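Input: structures, listed below.
What follows is chain A paired twice: with chain B in the first complex and chain C in the second.
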Partner chain A sequence: MTDTTTPHRGRSSGGLFATIDFSAPRHRAKFGYLLLAPAVLLMAVIIVYPILLSVSISMQDVRIARIGDGAEPWTLENYQWLFGSGETWHALWVTFKLVAVVGGLSVIIGFATAMLVNQKFRGRAAARLFVALPWAVPEVVATVIWAWMLDSSFGLVNWLLMRSGMVSEPIAFGSDPNAAFAAVCFVMIWKGYPLMSIMLLAGLQSIPEEQYQAAKVDGAGVWQRFWYITLPNMLPVVGVTLVMTTLWVFRDFAIIHVLTQGGPLGATTTLSILTYEQSFEFFRMGQGAAVGVLTMVLCAVISRALVGRMAKSVH
Partner chain B sequence: MQKRHPLGTFALYATVIVTCALLLFPIYWMVVTALQPSSNLRAYPPQFWPTDPQWNVFADLLAKHPFMLWFSNTILIAFATMTISLAVSILAAYALSRFRLRGGQGLGLFILTSKMLPATLLIIPLFAIFRSTGLVGSLWSVVIAQATLIVPFCTWMLKGYFDTMPPELEQAALVDGCSPLGTIWRIVLPVAAPGLAATALYAFVVSWSDFLFGRTFLTTTDESWTLQMGIASLKGEFVTEWNVIMAGSIMASIPIIIVYLFLERFLVGGLAAGSEK
Partner chain C sequence: MATVQFDQIKKSYGAVEAIRDFNLDIADGEFCVFVGPSGCGKSTALKMLAGLEATTGGTISIGGRDVTELGPGKRDIAMVFQNYALYPHMSVRKNIGFGLKMQGMAARDINTRVEEAARVLELTPYLDRKPRALSGGQRQRVALGRAIVREPKAFLMDEPLSNLDAKLRVQTRSEIVKLQKRLGVTTIYVTHDQTEALTMADKIVVMKGGEIQQVGSAEDLFHTPNNIFVAGFIGSPGMNFFHGTVATGADGPVTRFGETKIALPAKCAAMAGRDMIFGIRPEHLRVAESGPSVGLTLVENLGTEKILHFHTPGQNMLELDRTALANDEERDAQSMLIRVIDDRRYRDGETLNLSFPVDKIHVFDPDTNEVAG
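So, the complex of A and B:
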């Protein structure tokens, strides 16, 4: 069965690889490229080409985009609209506000829950399971649950607020711009803190126990240990999770679309929502693509921080 | 660790229980609302325990909406996406982890960056492509669109996992005459099972939860919708029947909550391995 004169051929008899022995050192690289090929092809077709296409669409006066429709002449009109209209700047402002509130509050809640379930107690595994559970709830489901809890007539939150005397009449989360913004924040924080707490917990577990013991020997109290050991050790992880949350808020669509559709009066229209609105509600895909390209550039700038850190592990 | 003061222990447990209760309350409220008779939903004060659970709300849901179709569409999409993404990313991640390839570093960076693309931008060119190829309205359009986001992340997660595995086993298998693909199949994949489970779970959950791609590409008839689109449309109806919506939400989240409960420990390990780089 095995040809004794070419022992390298070995078991690779038959099939696709019969002719090249990929375990031989000089063919190792070829095998690597072969393994990469499906991913590279797929990404060229479904990521690289669409990105180039969207840049091209953003420079054409296109209403409903299609391929091979006789290309429109290239123009910068969409970008003139992009930077000239108040809509873009407003959406940018809303996006940054949302990033600040959601990022800030979910890192605090995530850190607190991570610290809590990092303590030693019975049922810790179950508690870890539970605090991260909202991560698995689909965004649309999370949004409709909160929409019901925040309902202006029969919602639980308004009942609680009235009962405790904090407001005298129900808050209209659907029609008041500030309240609608707050509603979006609630859902995003509830959906976003679990991933934070999972990653921060992993960070906490990687802090060497010796550092705490040494600090204890030196007489450091709980707060001093937190301030001088936990925080400095955790800063890189906090940075990564913050960047990830920022990117998520920048790109998220489902929560805002289902909860407020970007309203009222554009109070919750982020760049993502604006992109969709222009392209698939007003059918001005050229302008939509211009907003999208701006979002992509901003995301790329933000993610530099993340990529820089993670790229160290790419050899 | 020295012994904790009993009062401290009590405080710890109390904090844990209160925190979990607060954070999980929306899920509880979903279940309670689904089971209330619709007249109770407008009750004042709200009822916190379903004294008279109405199980026929699920039958109502199935009778009024093509819910089972949405369910099967979602399952088909999620499985197709998971299978395709895993197959492609296992090979790519293995190559990136074990071979020093020219352009490998650039590809790694590209994968990282494409994780961060805004999906609302991608749908514009994808819509144009699907319109030209007649894929609009087909479930495949959603599978392909989801692969744009899932393949890069899966590749990244799996590469991180393969990096933690010692290459000696594979070298031994190769020396013993196992073919390179056979080595991946018989040696690498079984050892990497926890990482694969985490990645598969991630792909499944992301795909199951998708709303944007379905909303954009599957709008033709409500029979091609996914669960998330169906639930979102229920909320948009003129009279909002919250108990029916919540019943739908329960059915739309139970499968992935079960998957999550089984595979959580793998997921935490997998995500943690990715974040500690």
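So, the complex of A and C:
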């Protein structure tokens, strides 16, 4: 390694940075920080500041947030409302129900489709594309299409159900709380399982073929191979995908907003919908921000679980 | 314990024939090694025996029972894989006992058998560890344990030593042989390493391009190779080959090596006037007072032995592409090697006289690549 901090070099290029040899072992770290700095600053501006701002708003009695207009005095009123009102607990309950149903079913469907397209058969590439397709459609577009298909008067779904004789009268997906919740679950699963499927497929492909061969020689049947080889090998991936789906369901806004606007009777009001309602329908920005902060804390806890899992999943 | 028979086994992938006319009898308790360059079909043959690959034609019998259409679990065999294929989420104990569990054996009996196998393989202290907490050699032994605990009719081993470092490989090699001798279980072992084949096997099956080239003991293959491929493949370094026309000399058949005549085996008398390929092993060439003189191009000193390189005389040079050695990347038609064990110092560029012991010269037909005469 040459020493470039010679007087000659220092004079010729001038400036502080030019005199430091960043490839030298003692300066290497400084160069790293220097390169990181723009990214860190950018993150501070676009991520950290808004978070701090929303925490700040959640502790003020604000109707419409206006920055630099002289902040209101800090108060815990919004949090008193948050934990005191039935709305929050209801939204939490709806969110957890949704997470359980969508997360659970997406994993099962994702696992099944991943196993299917992991087999060798003609047209596998097309089948893989087909499985991944719902993921590629923009959320709002997909939801609008489903909203039309699920319409109680003109919808394709009701027409098919009636024609096939499975129901005698149209299901009111818009006004029946259970039907609305089911519709939201259905569209979310439809939109969410492909990601599961893709991640699980990657997981399946990473299981060495020899493990299956060894199990076959050991006399394990199809189900035993699934139970003793596939499942244990896949657990870390399933864990990660499950947490990712949980985070997505927690935060997803577009599908519910387009499909039901959180109704009927709050049957599909999740924490995200509640945040939006409070902030932009009732213009109670402080309360909306409080819901947002709660969601953020819950998501942070789940993310922590995700990171922990990923670290553990390395065999 | 059982005999293993391959009868007219064929395997094709579409139009490509990976294995054809594979006929082989392996006796009870025999250690049989399939050896050959990569892509020769040795692993495919083993997988067909294991039931992991379907055969295209022919029958496979284990212990006199036709197993061609049986699944791997029903053939009563155990297999050791190249990368061990241990189940990463199971402890060593569960890994070894998995096969017995699949057979529906009671947990207590499994444990007894597993501990016995672990004792034999000196794995007892590691029984409750996961495979990832073991060294390569220990993992290898777990894979062996998984095989021996089943007490199968045959062991199938697919390059089980290739993931070990050189020293451990030599050590494990002899351990496997000792274990096999003690248990007396018929073993079919696949490797691309001819040293492994020579040191371990009772019976060696040399394969190339999906066909058996020769079956025999290490002695047979080394001293009486059937064809130019086996001659070149077995032995390290491999046999030297050169090209020459058979002429009739005063004391019998001769050929020219460079400008000097060398005597040929008596059987060559019948080939007078023909172009033949001659082979001689590096350790059979002798440095002598008289005989063809060659200039050393490279001297490799390996401590006890030295490998001397010299140029093959131009007119004796082989056209490799026309022989069965075409795909042997290590082979160089322009050089021949001498392997010497003596105290003399050799220098690059030195000129030596060589003698070609007449009984060590192999003669091959250039058209068929088979041994001639």
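Everything that follows uses one rule, which is that the second predicted complex is superposed on the first by the 281 of 315 C-alpha atoms of A that agree within 3 Å, B and C clash if a C-alpha of one lies under 4 Å from a C-alpha of the other, contacts with A are read in each partner's own complex, and residues count from 1 in each chain.
Throughout what follows, contacts are C-beta pairs under 8 Å (C-beta built on N, C-alpha and C of every residue); 3 or more make two chains touch, one makes a residue touch a chain.
Note that this is a predicted model, so its numbers are computed, not measured.
Novice: Once chain A from each complex is brought into register, does chain C clash with chain B or fit beside it?
Specialist: Result for chain B and chain C: fit.
Novice: Report for A:Trp81: first if it touches chain B alone, second if chain C alone, otherwise both or neither.
Specialist: A:Trp81 contacts neither chain B nor chain C.
Novice: Answer with first, second, both or neither: which of chain B and chain C does A:Phe96 touch in the superposed model?
Specialist: neither
Novice: On the A-aligned overlay, A:Tyr228 touches which partner chain: chain B = first, chain C = second, or both, or neither?
Specialist: second
Novice: Classify the contacts of A:Thr295 with the two partner chains as first (chain B alone), second (chain C alone), both, or neither.
Specialist: Touch partner of A:Thr295: chain B, not chain C.
Novice: Take the Cα centre of chain A as the vertex and report the angle out to the centres of chain B and chain C, nearest 10 degrees.
Specialist: Once the two structures are overlaid, it is 80 degrees.
Novice: Please indicate which partner A:Tyr33 is in contact with in the superposed arrangement: first for chain B, second for chain C, both, or neither.
Specialist: First partner only.
Novice: In the overlaid three-chain picture, which partner chain does A:Met199 touch, first (chain B) or second (chain C), both, or neither?
Specialist: Only chain B; A:Met199 stays clear of chain C.
Novice: Who touches more of chain A, chain B or chain C?
Specialist: B
Novice: Check the superposed model and tell me the shortest C-alpha distance between chain B and chain C, rounded to whole Å.
Specialist: Here the least C-alpha separation of chain B and chain C stands at 5 Å.
Novice: Would you tell me the residues on chain A in contact with chain B in one complex that are also in contact with chain C in the other?
Specialist: In chain A, positions 315 sit in both the chain B and chain C interfaces.
Novice: Write out the stretch or stretches of chain C touching chain A in their complex.
Specialist: Residues 50-52, 71-74, 77-79, 81-83, 85-90, 98-99, 102-103, 132, 146, 150, 156.
Novice: Can you name the residues of chain A that touch chain C in the complex?
Specialist: Those in contact with chain C are residues 208, 210-211, 213-221, 224, 228-229, 232-233, 235, 315.
Novice: For the complex, give me every residue of chain B touching chain A.
Specialist: Residues of chain B touching chain A: 1, 9, 12-13, 15-16, 19-20, 23-24, 26-27, 29-30, 33, 41-42, 44-46, 87-89, 91-92, 94-96, 98-101, 104-105, 107-114, 116-129, 131-132, 144-145, 147-148, 151-152, 155, 160, 163, 174, 177-182, 205, 208-209, 211-212, 215-216, 227-228, 231-232, 234-235, 242, 245-246, 249, 252-253, 256-257, 259-261, 264, 267-268, 271-272, 275-277.
Novice: Using the touch rule from the top, collect the residues of chain A that touch chain B in their complex.
Specialist: Touch list, chain A to chain B: 10-12, 17, 22-23, 28-29, 31-33, 35-36, 38-40, 42-43, 46-47, 49-51, 53-54, 57, 65-68, 112-113, 116-117, 119-121, 123, 127-149, 151, 153-154, 156, 159, 163, 190, 193, 195, 198-199, 201-203, 205-206, 237, 240-241, 247, 250-251, 253-254, 257-258, 271-273, 275-276, 279-280, 285, 288-289, 292-293, 295-296, 299-300, 302-303, 306-307, 309-315.
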